[in-house]
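Heads up, the next two complexes both have chain A, just with different partners, chain B and then chain C.
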Partner chain A sequence: MTTEALARPMARPLRRISERSGLNTAAGHVLMVLLSIFCLFPVYWMLASSFRPANAMFETSLWPTTMSLDNYTQAVDAIPIARMLFNTLVFSALSTVFQLLTGILAAFAFARWKFPFDKLVYTAVALTWLVPFQVVMIPNYLLVAQMGLLDNIIALILPNLAAALAILLLAQAMRGFPKEVMEAARMDGARNWRILWEVLVPNLRGTIASLAILIFISTWNEYFWPLLLSRTAENSVVQIGIQMFMTAEGNQWGPLMAASTLASLPVLLIYIVLQRQVVQSFMKSGIR
Partner chain B sequence: MADLAITDVKKSYDGKPVLHGVDIAIPDGHFVVIVGPSGCGKSTLLRMIAGLEDITSGTISIGGIEMNDIEPSDRGCAMVFQNYALYPHMTVRQNIAYPLRIAKLPQSERDSRVEQAAKILNLTDYLDRRPAQLSGGQRQRVAMGRAIVREPDVFLFDEPLSNLDALLRVQMRIEIKKLHKRLKATSIFVTHDQVEAMTLADTLIVMNAGRVEQIGSPSEIYRRPASVFVAGFMGAPAMNLLPAKADADGLVRLDGVADGIAIAQADVAKGRLLTVGIRPESIVLSTEVGSGLPATVDLVEELGGSRVAYCNFAGHEVAVVLPAGDENIEGSTIWLTLPQNAIHCFDRETGLRLARSTPNGRVLRAKNLSEAAP
Partner chain C sequence: MALASAGPTRLRRMTQSRWAPWLYLSPALITLVVWIYWPLFDALRLSFYQWNMLPTSPQTFVGWENYARIFALPKFWQALRNTGVYIVGLLPLAVLIPLAIAIYTHDLPEKSRNIYRAIIFVPMIIAPVVAAAVWRWLLDPGYGLANQMLKGIGLDPVKFLSDPKIAIWTVIVITGWKLMGFSTLILSAANANINPSLVEAARMDGASKWEVIRDVRLPLLSSTVLFLVVMTILLGAQWSFTYINVLTGGGPLGSTTNIYYLLWDFGFSTMSVGWGSASAVILFLGFGVVAFVLFRLIDRYSFHDN
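And now, the complex of A and B:
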């Protein structure tokens, strides 16, 4: 700052605190509403179309003029959708649980201990994140085939037991946790296992819940890996089932939309449940 | 209850020495305060006693048992951290009971101990709150509660009051002192705060750069600092430290001052370089103009009950505590007398205090002395 500026401070404009200016907030809200419509409309259209009877499928009215559940009965008849949803749920839930479990254990080791080549190993883990699925697809397939696990849910889960993202994210969160609190636990007589599960994990609920949402949804939406492995409809996931309505003779839009709706519901539900947990944990976490 | 012996303890981080051999013996039930500038190794020493840090060499024993390789929780130490280190997800009750739960104490015993600790620390109304819903002072008390329920032999405090405001600090200081009177456990308390150090300590330890500078009672350390470092570190405003030279027969001559100051039987060779220390509150303001040594007042700090004048005295900056008054003396000349029994002599090279017999208590005017000297 020059002495000139110091000499006449009043020459600077006095700006109001921007949060109070109503115009900016209103403009921001309008933009956000437009963006939400942009994101939510396809979902709404899916829902609406799933209730349109076949002859009204290509109507452009916002609200279906006639409503029917035909698409749903058709979808349920065409594919074993309940079985598929169950498979998808098992696949997603187990992948989530195992990725969190292995992630928590590995992250604790990285965050808490020094061991030979620890940085190198950490970097290696981080690098596996950058390897695209297409590169490991064939080796994984061969491995699973040799194990005789083709067309088996277990084979779907195997490559998803551990993931770099979970390890990296959790290790970062654990490094950020106050060291003194862990030391206090150590003085109180807790060993590592207790410190991890009774002190660290309860305080990382927010991170763990967000991570769970992320893993669950991405596993739920997985398509290629199940496509490679599944041979029968009974042993595949719902995303494969949806694809079955897209045939060479044309797409059966009605049942497809119905199946898609059914496939989205569980995700939505889990998101809502866990989201509340996430928000709550953010509000509560007043560490220190 | 246990005594604590720290024998030639050294610590290096990656080959870089941080503690250079510390020897401290603490009798059972003593309250020891460790002070020293930032980075001198106070926390490191405390954490080594607690077992949170490896000991590079030397031994630490508690109650006569060597603790070097013993788990922190088995050493009988409880620690109170500067930022409290409470478990954020547990209620106050759970926080305090946690060490007891790990020790697998029966529920009824746990409850009664928690209740008792809560009563001592005035926490009974807050037992079901979480740390985030407490004030700083309350959190501090929870941390103390978690320490006392374990009934440890040794309490370790690492600057436990430094996050509190001034008033609360004084309150908590008094509570800690009371608690110690009641529990009589050996306590080691690290602080930056001089008043805390002086008021709490049975024994005060002054550390500097990884070494113990002096161990003694607070008044001993205040009255007879063992080195220039301790002299300058303890006391506020800090002791004036002036360059001087030994003159003939027990006479010390401040640089730039013609008159000598007699130091009773100072056994120093003529010409030896010294540092002379005198506390700002020990300097006497002469009542009559022209008697004593002249100093020009540069700045006056008002403290309410007294004033501190920063003066230019023969080219040295000297702080003087003056009685409260309204007259503006900045820029004027005041006349100072340096009472002989308040003068501390240190070797300039080693910084160590010079041995001398106890002062005779006579106040000798510098001017008169120079006439008396041969």
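And now, the complex of A and C:
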């Protein structure tokens, strides 16, 4: 099919397309600009509002006429936001590292060996991706309470030590890795452990990096599990900080937007620097 | 010499390879069993008990009573109906409109496509709580930008989040805002993967623009579209959880409560573990059946390029 089409003379149809496409392209641009505005405007409005002084909060001008940092100082006074950002960083970084570690080990088991029940175990891992968190939340909460870890950052990490998504994606990548290279390493007498860390992992850096971005951003934005466990602002993550702020301070829009901006800043910075990789890693793996 | 050493090595290899995979799997499996599989069974057990979550109070066995009570509860049926509304409302935002945009904009130049791509992806990485805060500010009945603009053109302000008829649609649009760009990107990528020679061949055969879309593009996009539809059906109501929790608290009058929010409400507002667990079991079984049927449908009806 492909080669046949390539052999066909293309000149005539191509010219026909270019005559017609001017108008279509313009309409396409209009459509995309509208969608872009819809997607970006709320984020812009958050930034703009966060810099408006209190007496200009209700202005509707697109660009703040006067700028001030009052909202930020107020937000910092109202909630321990630096502490919360640090907690969120610890939570996200540790979750990322552990999910990658457990994922790499488990994926290697699936890719390297055939063992009894391997298909069954693989399916069991995959199915956990479909279990809604709300279904297991009560027993999980009770377990954490029994361990005496309520209101503790460690408890946030525990259920995030491993995730189906990381295991499945890495297993896929490792299965796609050329068997001959692994075989050659084995001939040289390398043991499994070394094959994994010295051959596979360095070669799968791309997959691992994009997975790391995905896990980090999703954990940073995690809301539900911290909501169950949090008791005090000092021991919680920044998403809970915003929620507490909204409940406690009601309609303090300026400081709320400042806090929201601070909470999104790390992720937005990652996005600005690694835009292409972030989009790719989300598209490759997940909608959840 | 060679024979003598081959024996033990081979033996060691065999025992090693019997246990090695399980050794490598154990950290992940232990986590998944402790935090997902065990809790599933525990939820099943607790669904037959009455308990208020206090360690000091007794757990009383009540048989099927929790289930009977939940099925008799109007709130449950309302939440179920709302879950349906969320799914139906999200489908245009998460699938149909992105599909139209993806098809319509496929011939934009590479450079501008990349810029749009970077912009429309932004909602996806914004934290749901932050999104909720920003939308709450935009939709504030007194001073929010939306209502100020409505006032500007002489219309009455709309209570986006406190009118029982409107609130659920507001939450749906906010959830859709989060997903629309992402779905568009997925569909654009699938659309760009269509072999241009197929489209060209159809054109040479005299197919009109619409016929090309109907007979070539849509069938080739069907598996991606089906995937997005399935994800929306399975996860749509879950995605809206944060917005419901932060923006409406399930109200007004339960009008935005869906089945996931109801679970949270049972478990952590009324502290009734039995009800919460029973509805979790109902949800899980219902979810499982729907997922099974949908994945079978994908298998049967998706159209493959090669």
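The rule is short, and it goes like this: the second predicted complex is superposed on the first by the 228 of 288 C-alpha atoms of A that agree within 3 Å, B and C clash if a C-alpha of one lies under 4 Å from a C-alpha of the other, contacts with A are read in each partner's own complex, and residues count from 1 in each chain.
Just so it is clear, a residue touches a chain if its C-beta (ideal position, glycine included) is under 8 Å from a C-beta of that chain, and two chains touch if they have at least 3 such contacts.
Please read all numbers here as calculations on a predicted model, not as lab measurements.
K.L.:
What is the contact status of A:Trp220 with respect to chain B (first) and chain C (second): first, second, both, or neither?
P.N.:
The second partner, chain C, only.
K.L.:
Which partner does A:Ile79 reach: the first (chain B), the second (chain C), both, or neither?
P.N.:
So A:Ile79 meets neither chain B nor chain C here.
K.L.:
In the superposed arrangement, which partner chain does A:Ile157 touch: chain B (first), chain C (second), both, or neither?
P.N.:
Touch partners of A:Ile157: none, neither chain B nor chain C.
K.L.:
In the overlaid three-chain picture, which partner chain does A:Ser260 touch, first (chain B) or second (chain C), both, or neither?
P.N.:
A:Ser260: touches chain C, not chain B.
K.L.:
For A:Leu229, select first, second, both or neither according to whether it touches chain B, chain C, the two together, or no partner.
P.N.:
After superposing on A, A:Leu229 lies clear of both chain B and chain C.
K.L.:
Tell me which of chain B and chain C touches more residues of chain A.
P.N.:
In the superposed model, C touches more residues of chain A.
K.L.:
For A:Ala190, select first, second, both or neither according to whether it touches chain B, chain C, the two together, or no partner.
P.N.:
It touches chain B, and chain C stays clear.
K.L.:
Touching A:Leu170, do we find chain B (first), chain C (second), both, or neither?
P.N.:
neither
K.L.:
When the two structures are overlaid on chain A, which partner does A:Ala212 contact: first (chain B), second (chain C), both, or neither?
P.N.:
neither
K.L.:
Would you mind listing the overlap between the chain B footprint and the chain C footprint on chain A?
P.N.:
Touching chain B in the first complex and chain C in the second, residues 287-288 of chain A appear in both lists.
K.L.:
If we count contacts the way the header does, which residues on chain A are in touch with chain C in the complex?
P.N.:
Within the complex, chain A contacts chain C at residues 1-2, 4-6, 8, 10, 13, 16-17, 21, 24-25, 27-29, 31-32, 35-36, 38-40, 42-43, 45-46, 49, 57-58, 60, 101-103, 105-106, 108-110, 112-113, 115, 118, 121, 124-125, 128, 130-132, 134-143, 145, 158-159, 161-162, 164, 167, 192, 217, 220-221, 223-224, 227-228, 239, 242-243, 246, 251, 253, 256-257, 259-260, 263-264, 267-268, 271, 275, 278-279, 282-283, 287-288.
K.L.:
Going by the contact rule at the top, pick out the chain A residues touching chain B in the complex.
P.N.:
178, 180-181, 183-190, 194, 199, 202-203, 205, 284-288
K.L.:
Provide the residue numbers of chain C that touch chain A in the complex, in ascending order.
P.N.:
17-18, 20-25, 27-29, 31-32, 34-40, 42-43, 46, 53, 55, 101, 104-105, 107-109, 112, 116-131, 133-138, 140, 143, 145, 148-149, 152, 177, 179-182, 184-186, 189, 195, 197-198, 200-201, 203-204, 231, 234-235, 238, 241-242, 245-246, 260, 263-264, 267-268, 273, 276-277, 280-281, 283-284, 287-288, 291
K.L.:
Considering only the defined contacts, which chain B positions touch chain A in the complex?
P.N.:
Per the touch definition, chain B meets chain A at residues 50-52, 72-73, 77-79, 81-89, 98-99, 102-103, 130-132, 146, 150.
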